[in-house]
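Next come the structures, one after another.
Look for subunit A in each of the two complexes below; its partner is subunit B in the first and subunit C in the second.
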Partner chain A sequence: MKILVDTIDEITVVILEGELNVDDSILLRDAFLKILKEGAKEVMVDFEKVSFVGSAGLATLIEMMQLLRKAGGKLGCCNINNNIRGLFEITKIHKLITIYDNRALALKSF
Partner chain B sequence: MTDNIKAVELQAQGFLEERKYDEALKLFSQAAGSYQDLGQHQQAAMCFALAAGCYESKAGSQSLYYYASTYYSKAAKEAEISGDFEYASLMYKHAGICYERDLEFVGFSECFYLSKECYRKSLLSNLFNKKNRVWDISILQRIDFKDVIKSAVLWVFSSLSSLIWGHGERPLRTVGFGCFLVLFSALLYTQGYFMAGGFIHKPHLLEAVYFSVVTMTHIGFGDIIPLGFNRGVAVLQEFAGIFILPLFLTALCRKYLRF
Partner chain C sequence: MRILEMMPSQLELVDGFVASLLIRIPQLNEDKDTLFNIKLALHEAIINAVKHGNKMNPNLPVQVDIKKDEGQVVIQVKDQGDGFDYKNLPDPITPENLEKLNGRGLFLIQNAMDRVEYADGGRIIKMVKFL
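Coming up: the complex of A and B.
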C-alpha cells in the first residue's frame, strides 16, 4: 500500500493507494502517529484509490479517530466507494467517523 | 496465518457485495474466530460486527434479528477486551436495537445497560488513557482540557446513574440505594439529638431508623423533631428522597411494562 501525506489549508490529507489489510494497517498506524507528532489536528483520509479494507484497517481507523479526538482534532474520510462505504455502514463506523462524498466537499466542511 | 485470514475476509467481502449473506457471515465468523485465537480483539470485533450486519441485512421480514444481536454482542465483547469501550458501547446499542426488533426485551434491557456502562468506561479511558499503547508526550501536551473536564463531569453523572438506578434498567438498585441511605442517615441521627414529647434526647438506632424512613418517604408524622445537626441531615435526606422514589417507579415501569 502507498501512503501519501499532503497538507491543504492546514488540513492533513492522507491519500491511500492499494489494499488496507493487516500488514498495511500497521504502516497506516505509523504514518498517523508521525502526523500526530508533527502537530496535525484535522486529518482527512482519501480512499479514492483503495480497493479493499480489511477488519484491521477498520480497527486502525477507529483507533486513530480516538487518538486524534483526544489530541483535540478530528478525522474524516472521503472518496469512499460503495463497497467500502457498505463496510463502514455495517460496522457502524460511519457513526464515529464523518464520511464525505469527495475531497473538495470534505475540505470545505472541515 | 494472517494471509489466510486476509483471504477469508476478501472472499467474505466478495460474498457481501453479491448479497450472499449466508456465505459471507460464515466466513466473517471464521475470520473473527481466527483473530480471537491470535489475540487481536479489535479485528475480531470488526469481523463479528460484519457478521452481525450480514444477519441484519438478511433479516428483513424473517426473524433473524436475534442472531444479528448475538453477533453484535460478540463484537462488543471483543471491543471491550481490546479496550475500545466507545465501539463496544455502539455495538451493544445495536445489539439492543436488534433485540427490540425481535421483541426480545430482556436482551434489549441488558444490552442497553451494557451500552451505557461501556460509554461510562470510555469516558474514564478518555481521562486516564488506559490503552496507553501509542501515547506520546508530544500528543499529551496537546490535550484539550475542556474535553477532559467535560469527560470528567459526564463520567460522574454516568456513574451516579449506574449506582442509583443502573441507567434505568436496575430498579432493585434504587431500592438498595434507598435502604443504604435510610440506614446511613439513621446512623448519622444517632450522633445528634431529637425532641419527642417535649424531651430532648439522643436517639437509639431503632428510633433513628424509624425517623429516617418517615423522612425519606415524606410521611413526616411530626412526632419527632430533629435538632441541630440532625435537622441538616433530615433536610438532605428529604431532598434525596425527592429523587429516589420517582427514579424507582420510573425504572420499575420502564422495565416491566415492556412485557
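Coming up: the complex of A and C.
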C-alpha cells in the first residue's frame, strides 16, 4: 500500500492507495502514530484508491479515531467505494467516523 | 472446479495466499461485488484460523478447500486448534462492543456470504456464496 500524507488548511489528509489488509494496516498504523506525534489533530483519510478493507483495517481506523479523540482531534474518511462503505455501515463504524462523499466536501465540512 | 491448498500459520503470508487462491477461481472477476465478498470472507476466515485456531504456530497448517460450480462457490477453511464456541459469539455492533478493536471477522463473513456453517467443534468453517 502507498500512503501519502498532505496538509490542507490545517487538516492532515492521508491518501491511501492499494488494499487495507493485514500487513498494510500495520503500515497505516505506523504512519498515523507518526503524524499524531507531529501534532496532527484533524485527520481525513482518502479512500479513493483503496479497493479492499478487512477487519484489521477497520480496527486500525477505530484505533486512529480513539487516539485522535483522546488528543482532542477527530478522524474522517472520504471517497469510499460502495463495497467498503457497506462494511462501515454493517459494522456501524460510520457512527464513530464521519464519512464524506468526496475530499472537497470533507475539507469544507470538517 | 476444486482448489485444495495449505499454508503455514504466518500472518504475513495471508494476503498473498488469498490473492493466489482468488486468481484461480474462474469467472470470479465478472461480478465485482461477489468477488469483494468472497475475498473478504476468505481473508477473514484464514486470519482467524492462523491467529485464533493455530495460535500463529508456523508448523500448523491452515487448509483451504474451494469448490465452484455454476450455482455457487463453497469454501472450507480448517485449522488445527482447539475449536471455539461458535454458538455464543459476541455481537460487535452493540454499543459496548462498537469500539473494540477485535471481534468483527466472523460478523463480516456472515454478512458477506449466503450461508455459514461450522464443523469439528469450530475448527472448520464452511462458507457458501450463491452465484
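The criterion applied here is as follows: the second predicted complex is superposed on the first by the 110 of 110 C-alpha atoms of A that agree within 3 Å, B and C clash if a C-alpha of one lies under 4 Å from a C-alpha of the other, contacts with A are read in each partner's own complex, and residues count from 1 in each chain.
Keep this in mind: a contact is a pair of C-beta atoms (placed from the backbone, for glycine too) under 8 Å apart; a residue touches a chain by one contact, two chains touch by 3 or more.
Computed from a predicted model, the values in this text were never measured in an experiment.
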(message) After the alignment on subunit A, I want to confirm one thing: do subunit B and subunit C clash, or do they fit together?
(response) clash
(request) Tell me which of subunit B and subunit C touches more residues of subunit A. (result) B
(request) Tell me which partner A:T98 touches in the superposition: subunit B (first), subunit C (second), both or neither. (result) neither
(request) Identify which of the listed stretches of subunit C (23-31, 59-67 or 113-121) has C-alpha atoms clashing with subunit B after the superposition. (result) 113-121
(request) For subunit A, give the residues common to its interface with subunit B and its interface with subunit C. (result) 21-23, 52, 54-56, 58-59, 62-63, 66, 83, 87, 90-92, 95-96
(request) Over in the complex, which subunit C residues touch subunit A? Could you list them? (result) 11-12, 14-15, 32-33, 36-37, 39-40, 43-44, 47, 92-93, 98-102, 104-105, 107-108, 111
(message) Under the stated contact criterion, what part of subunit A meets subunit C in this complex?
(response) 19, 21-24, 52, 54-56, 58-59, 62-63, 66, 83, 87, 90-93, 95-96
(message) Taking the touch rule as given, give the residues of subunit A at its contact with subunit B in the complex, in rising order.
(response) 21-23, 29, 33, 36-37, 39, 41, 52, 54-56, 58-59, 62-63, 66-67, 69-72, 83, 86-87, 89-92, 95-96
(request) Could you please specify the touching residues of subunit B with respect to subunit A in the complex? (result) 2, 5-6, 9-10, 13, 16-17, 31, 35, 40, 42-47, 49-50, 52-54, 56-57, 82, 84, 86-87, 90-91, 94, 126, 129, 134, 136, 138-139, 142-144, 147
